[in-house]
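A single structure is presented below for examination.
For reference, chains read A, B and C in written order, and residue numbers begin at 1 within each chain.
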Amino acid sequence: MTKKILTYIDHFHGKVQSSSWEALGLAAKIAADSGGEAAALILGEGVNDLAEQAFHYGADQVFLADHAILKDFRPEPLAELIAAAAGDYQPDVMIFPTTTRGRTLAGMAAVDLESGVMVDVIDLDWKEDKITATRSIYGGKLLAKLTCSTSPEIITIRTRAFDKPEPDSGRSGSITNLEVSLDPADQATTVMDIQEKASGVSLTDASVIVTGGRGTAINPALTPPDDLDEEGADVWKAEQGFDLIQNLADVLGAAVGASRAAVDAGYIEYDHQVGQTGKVVSPDLYIACGISGAIQHLAGMRSSKVIVAINKDPDAPIFNFARFGLVGDMHEILPPLTAGLKAYLEG
Amino acid sequence: MKIIVCVKQVPDTAATMAVENGNISWGDAPLIINPWDEFAVEAALNLVADQGGEVTALCLGKEEETEAIKHALAMGADAAVLVSDPALKGSDNVAASKVLAAAITKIGEVDLVLFGQQSVDTDTGLLPVQVARLLKWPSLTLVSKFEEVTPAENSLQVVRSMEEGNQIIKSLMPAVVSVTKDYGEPRYPSFMGIRKASKAEYPVWNLADLGIDLPSSSISWPEVNEPVEQEIVTEIIDGDTAEEKAKILVEKLIAEKVL
Amino acid sequence: MDFGLSEEHHMVQRMVRDFAAKEAAPTIQKQDRLGEMAPHVIPRMAELGILGISIPVKYGGQGMDYVSLGLACEELEAVDTSLRVVISVHNGLSCLTLLQWGTEEQKNKFLVPLAKGEKIGCGAFTESGAGSDFAHIQATGKIDGSFYILNGEKMWISLASVADYAVVTVRTNPKASQAYQGLSTFLVDLNSSGISRGDLHGKLGVRAGSTGWIAFQDVRVPVENMIGREGEGFKVTMSSFDSGRYTVAAGATGLIRAALNASGAYADQRKVSGEKISDLQLIQAKIARMSLDYQAARLLYLKAGWMKNKGERNTKETSAAKWYATEASFKAASEAVQIHGAYGFSDEFPVERYLRNSKGAMIYEGSNEIQSLIQADYALERRQDKKLRKECPPYDQDSWT
């Protein structure tokens, strides 16, 4: 059966959450498999040029409302427009990214359209007529498969669970402008102010973490200043090591962690400690540099999705838990690794 | 002010979850109040302490499941209502929201309905949004602070968190608010509260009491599984130089889609 | 017969567990290293009512039963022994002693502020030369008009440097025909002149708690502060131990649970030759033993608590619970260290602290050798409890709340 898929493009003042493109990429795949079409829904103020991006990421057509009343996120007016667009377009499937806004709007759409919503989906099967979505429940302890018996089938997808498509600048499509007949006086909510977060990523929220251990201080290539004692010289060396880690973290938008050995030795503040007696983390990517992988450290990070271990000692226990192991000196490997990732992410 | 706090009962977060014959089981781990809901109860109690009024805990669940309600009462809630009907087994979020909305309407003259930001079992975070939509009240999700509450003007101003930062938003009441853990640590139940709660009686309403038919559910869960523990296969990246190794790792990480 | 806990008990358990997990556990390793209790802990326990948990509301307490007191101790010691020790000496040795033996005036004057946690109490019985041999303590009290003049030194006193009040037993009649008949007990304000006190350092365990000494030099204590009558000090003190030992037993049960949980968690993740060590029968045997001991210790203390609720004399049961639980907690902690291997030897894991903390309870509030003698006396029918002039009151919810 051909499927019409409507994807909500979530953005903040015109800056698109990349999971919106992941959602659109997924929509385009389902559309291609079913001989249907992918439509994108873009609502906001000053968002006209997002339509073109949506085409590049796989939309066949775009529903657009660009209006001052939509400047700041307020769910009620957006929900009205979403319900109206869905009413006109009659999609079989609606996809939202699982952002705070996407989750809210998907929930409202389920009420407005008298259907149901499958939230924070990590896997999707659309081979049968009905979609089967997989999501994790009980804090990831169980996996549930869900189906929706009514139309549209509404889903929100977990960030980074689905591929972000390669943009194709040759694609374009038709734009349908939605009528906005909302009266500011009718709105129950007013956004008074927005306080944007300073950058800097906390360990527990981070999706990527780069961590340093005792190995940060083991760098024979460095000559510490003469006036330092042995301990001071180690700290001095480790600081250089953590600079390399920070550079990589900056490129990845990652948080910086440390092993207990590193914090005990005074290489970095205790706040950074990952492990049994530090923070327990579960990022998508965990890059352990110069960490042997003591059990107490593993207890704090082994549920990370992908672990990369960089260590000189090929017998270090950390390699048993790593998806990718790199035997070598972190001081030599981090600079080209940082440069390579930077080139990819900015390119 | 009349505030309703919706509370849910969940298995202890430390419980080992399993699937037995297609049913979810948590062994003999105790049921507890959804930890996120404690923040909502705390917020409700503080609002009432400032503004006067009363807090009612509202729970949708099995009749024998009393822990969430009792915990809210022990923390200091004034009253409680349990909505329980065997027909509601297997209800999806929209259906549950309809039942809660009906209960809130029946309680009546409510200024605020508070929720925890989500439940630790199904983790959807949808009820606060959907209940608001059904009642046609504003939905204020992920609120960390109540900056101003003015019952006389039916208005409140709150801080709501988003990925990019905070939004300061003013809203009319009645409204539905979900409270995040940034609100501040919930209080422990007092011993006096515990005694009061253990003796407390509260109404149990079924669908007929609410005057509604069983709302239909769209979402079903044909399958629940325990995740298969992935055997870690370590791939050692080899190369002649550090640069070469780094280059291969970059390619692997791109392919792994974790960037 | 009903072995189930009530809904109230479950809520008490969860409340104290949450408190200990949130407000003590995160810093306990640091505090243990520092050798002092985090300054917020006792004030928070006061604020939450834990310091007056099983004292009637009319005396400033929370009106919960004795089982609740035991459950609170189990939860506190599952995090750290130093937390439970506060309850043992404040709630057990001082509050409950006043509740049992105090006059109405003494209860209003001293028990009320103690149960509210405005004042902290301790029990000062042991001396450097007399512990198990309690009848032969050396400290003296001499009557002088409307005062007793106290002299002597008490040793190994938990919260010595922290408490405001102490329940103190001294010799007031050196000529009594039996040594134990010459003792009397007083409630002493530790800010009285003539008192000096301090902490002992270099302890094996309970490093996050205060253990110290209190010296009395011509300390004038009003006659009306005598708890019980002249010559009743030995009985009053033994009653204190019936209360204190109960908290020690319940606490040690919590320590067994902590050792068991830590061992299980570690054994489930530690692999040897690709196999989880929790799959090895030698490890399973250790864990099974801890589980068995936890179940047995819990039954013993809950039964003692149940008897206290009914107002039945429970010296035998409380002594048995204390003996069993403290021995078992030492074994459990030791095996937990063994299961953790080298990691257990370092303070990266809590089990070495459990082991160090477990030893003290085998010595204080009546060494386990004394408990053994008590049990032998009962078993051989050489001991029969006589009704005391004042028994520890049964729990009565109506009059307590």
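In this section, a residue touches a chain if its C-beta (ideal position, glycine included) is under 8 Å from a C-beta of that chain, and two chains touch if they have at least 3 such contacts.
What you are looking at is a predicted structure, and each value in this text was computed from that prediction instead of being measured.
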Counting C-beta pairs in contact, pick out the pair of chains that comes out on top. A-B
Which one chain sits nearest the middle, judging by mean Cα positions? B
Cα centroid separation between subunit A and subunit B, in whole Å? 23
Dist(centroid_CA(subunit B), centroid_CA(subunit C)) in Å evaluates to 40
Indicate the whole-number Å distance between the mean C-alpha point of subunit A and the mean C-alpha point of subunit C. 52
Which parts of subunit B, given as residue numbers and ranges, touch two or more other chains? none
Subunit A contact footprint on subunit B (complex, rising order): 11, 13, 16-17, 19, 24, 92-94, 97, 120-126, 129-130, 133-134, 137-142, 157, 161-172, 175, 217-227, 232-237, 242-243, 245-247, 249-250, 252-254, 256-259
What part of subunit C is in contact with subunit B in the complex they form? 6-8, 10-12, 14-15, 18-19, 22, 48-49, 53, 62-64, 68, 401
Parts of subunit B lying in touch with subunit C, wherever the complex brings them together: 30, 32, 66, 70-71, 74, 185, 188-192, 194-195, 197-198
Once bound in the complex, which stretches of subunit A touch subunit C? 260, 276-277, 294-296, 298-299, 302
Would you pull the subunit C residues touching subunit A in the complex into a rising list? 29, 266, 269-270, 343, 348-349
